[in-house]
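Presented sequentially are two complexes of chain A, the first with chain B as partner and the second with chain C.
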Partner chain A sequence: MNIAQKTTKFLTIAVIALFTTVNFALNSNENNQGKEDGGQVNTKTEISAYIKHHLADSHDFSLFSYTSSEGERKHFGFPLPVIVWTSKGLVTFMSSAFHHNDDGHVIVEKGGLKFAKIHSKIYELDGNATNVAFDETHHATNAHKVLDFSITKSVVGILFAGLLIFLGFSKLARQYKARSIPKGLGRLLEPLVIYVRDEIARPNIGEKKYKKFMSFLLTVFFFIWILNLLGLTPLGFNVTGQIAVTACLAIITMVIYITNGSKDFWAHTLWMPGVPVILRPILAVIELVGFIVIKPFSLLVRLFANITAGHFVVMSLIALMVTMKEAFGPVASTGMSLVLSLFISVIEILVAFLQAFIFTMLSSLFIGMAVEEHEHH
Partner chain B sequence: MVIPNLVGAGLIVIGGGIGLGQIGGKAMESIARQPEAAGKIQTAMIIIGALLEGLAFGALILGA
Partner chain C sequence: METLLNDFSPGLFFMQLIILVILIVLLGKFAWKPILASLEERETGIEDALKSAENARKEMQNLTADNERLAKEARAEREAMMKEAREIRDNMIAEAKEDAKEVTANLIEKAQASIAQEKQAALAEIKKNVADLSIGIAESVIKKELSNKKDQLDLVEGILKDVTLN
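Here is the complex of A and B:
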């Protein structure tokens, strides 16, 4: 009886979801005749531009946008602070000053300087220039980039994930004072902590030394996992799909295993025992390049490419309901898009966990390689 | 003659596919032979798969 009720509930939700999306697909053609800024994404170039826009970082947090019946573009979301280091020092203003313009036509004056936003990058105009001039390859000729410390959408995502991790785990930690078995959210988190310890850290780093690295491994595991999951929500975060974020994580891992390298590790890296002397410098170069460049590079590229590819596929499948409408009609294209994107989204939940696991696993493997001490007979 | 980037990307994907198939198939075989070692084989399989994936993605990104 209970199960039957749940199934009915699920089916009702599914049907409602299907009908609302069909509505979207039906509406998408109406408003777009003869308007340059249609608001609704219709053509293939618009879709790829939209996907690119989602994959990149942005200076404002926009949840969705649409064109009202008066033909005015409405944005739903909130602005984020822009913090830039310019030729005259630190300048801050809110990103709403740009009015969602992204091609350099809106000039913001602040602190005696003029700024323009071109493709999500903040430019400072040179000298007395009043608007941005472009050359034929669409590069700004009279403006230059500034050092950007803005709280962008990705930074908001990182702070939000940090807050979630802090709240969840401080609650878990406090529970151990009162009881030996946690309850509520802690019951979900404790097995994961144990899993990282027993399946990832212990076998790869070794019984003697794993404790020192547990804090890093747990942090990186939950950080990546929660950010991957946040990327699957409609909030539209794509933090672990930013190459800068994954590069920083990989560099932190590299610094940890380089600074914790044991005597044996350096001996084996720089002057490999047991091979002919003439080969040793060659091996040293290969090993050093491997540890300093290749291993961090593979870590950062794997996470970045997996998450980017996942977002790309999900968004392309959602876009199917627009691109396939001509061929199959609104209901069939929407149904296809819904089923396929649901399928890929479920796989993405697995990938979100798997990538966090792989990153932690390989980090602990590299750390284990570096801290290992050989027994000399 | 210039070979387009997409052909290179396709070749990378073919290579990665062959590699992943080998890893998966061999892991299946060994799990069937020694079901009690399934956990260890799985972990090793995932690590090798991830390394291969990193290589393939690296080549894809450098190429495309």
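Here is the complex of A and C:
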């Protein structure tokens, strides 16, 4: 009863907070210019561009947009801070300055520099240029990318997931001080922790050494899982589908298993026993490349590709109701799209867990390979 | 591959790296360490409890076995004691019987002896009395003889009658 009350209270606060910010954002975005067709996504190319846009990171947190009866494009959401490292140092401004423009036509002047946003990337205009010039392959010719430390939508997602994980598990940790068996949310979280420990870390790393890596494995597992699930919500996060994020996870894994490699591991990697001496350097190169490049790469691409593909398929199936309207009529295409996207969404919920599991599993497997101490024959 | 590289945002990578490392450290300190420690504590607690329960069960088994053994021993002892007691009782009865027999035999013997003695004494007394009587009679007879013969005979007869009655 108590928990239910608390949850309702929390939800109410969350909803109120969301709506107030949305209203605020709505007011500040009122004078945006709409696209020529009113921003509707109707054709296949528009749909594919829209999906591409969603899959990329975004500098503002838009929930949805629509065209008002006056033909004005209205966006619901809130702007996020842009922090860029330019030729003149750190420059910050709010992403609302771009007025939701994503093709480089809105130029923002800040700190004596001009910026444009092209396909979710911030460009700094060279010299005295006032407009972005494009070549035939749609590459900007007079602007270059800047190092972008913005609080993008993905960063918001990462922070949000981190906060959720921290709140949930620190609460669980506090519960243990008073009672040995947790209650409420802790009762749900505890078996997950035990699952990661007993099914992932222990069998792969070994009873003796797994404790050292538990912090990393548990954090990564819940981080990926929560973000995968957040990606399935209509908030539209695509954090684990960002190659920078998965690359970061994979590289941290690599650094951990390289720095914790046992003597045996290095001996076997660099000078494989039981193999003709001529082959040993070749094997050493293969093994090194395997551990430093191929294994992290497989980790990062697997997660990235699975999540991106999932988002892509779900969005394409939702778009079916637009693309198939001509062929089957509105009712059939909408029904088909609903059934199929529902089906795939359910599978995606499974995939969300599966990918988190596989990433953590393989990480612990690689760590296990590195820390293993062989019985010498 | 080119689009992949193009999509790669070094800034996001950097942010993710910082946030993730901070997250790992914070969670490690405030969540995972205490959680895993208490889980382990609880597991060892459960294991210990199970072990001690098993020990207690074994002890109980031992105790019941002991109890049974003790009961058996006690029963055996009781039986032995009973048997001994019975034997002692029988012995005592037998001895008592023996003693009683002896005592009665003695008593009877003594009685018989004293009876014989008494008899002897009585006989001696009788003899003495008879002698006295005879003398008396003789005296009286002698005295009466002088007066009446018939009276003398009556007297003797009467005295003799008395004697036989005696």
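Simple rule for what comes next: the second predicted complex is superposed on the first by the 341 of 377 C-alpha atoms of A that agree within 3 Å, B and C clash if a C-alpha of one lies under 4 Å from a C-alpha of the other, contacts with A are read in each partner's own complex, and residues count from 1 in each chain.
Heads up, the rule we're going with is that contacts are C-beta pairs under 8 Å (C-beta built on N, C-alpha and C of every residue); 3 or more make two chains touch, one makes a residue touch a chain.
All of these numbers come straight from a predicted model, not from anything done at the bench.
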**Study point:** chain C versus chain B on the shared chain A, clash or fit after superposition
**Key:** fit
Check your understanding: If you stack the two complexes on chain A, which partner ends up touching A:Ser298: first (chain B), second (chain C), both, or neither?
Key -> first
Exercise for review: Considering only the touch criterion stated at the top, classify A:Ser154 as touching first (chain B), second (chain C), both, or neither.
Suggested key: second
**Study point:** Which superposed partner A:Gly206 touches (first chain B, second chain C, both, neither)
**Key:** neither
Exercise for review: Decide which partner touches more residues of chain A, taking chain B and chain C as the two options.
Suggested key: C
Practice item. Classify the contacts of A:Asn306 with the two partner chains as first (chain B alone), second (chain C alone), both, or neither. Key: first
Exercise for review: Identify the partner contact of A:Gly77: answer first if only chain B is touched, second if only chain C is, both if each is, neither if none is.
Suggested key: neither
Check your understanding: In the superposed arrangement, does A:Ala56 touch chain B (first), chain C (second), both or neither?
Key -> second
Exercise for review: Please indicate which partner A:Met361 is in contact with in the superposed arrangement: first for chain B, second for chain C, both, or neither.
Suggested key: first
Practice item. In the overlaid three-chain picture, find the nearest pair of C-alpha atoms across chain B and chain C and give that distance in Å. Key: 5
Check your understanding: So in the complex, which bits of chain A are touching chain C?
Key -> 56-57, 84-85, 121, 147-152, 154-155, 158-159, 162, 165-166, 169-170, 172-173, 176-177, 180-181, 190, 193-194, 197, 211, 214-216, 218-220, 223, 242-245, 247-249, 252
Review point. Residues of chain A touching chain B in their complex?
Key: 199, 203, 297-299, 301-302, 305-306, 354, 357-358, 361-362, 365
Review point. Across the complex, what residues on chain B touch chain A?
Key: 43, 46-47, 50-51, 53-55, 57-58, 60-61
Practice item. Would you tell me which residues of chain C are touching chain A in their complex? Key: 4, 7-17, 19-21, 23-28, 30-36, 38-39, 41-42, 45
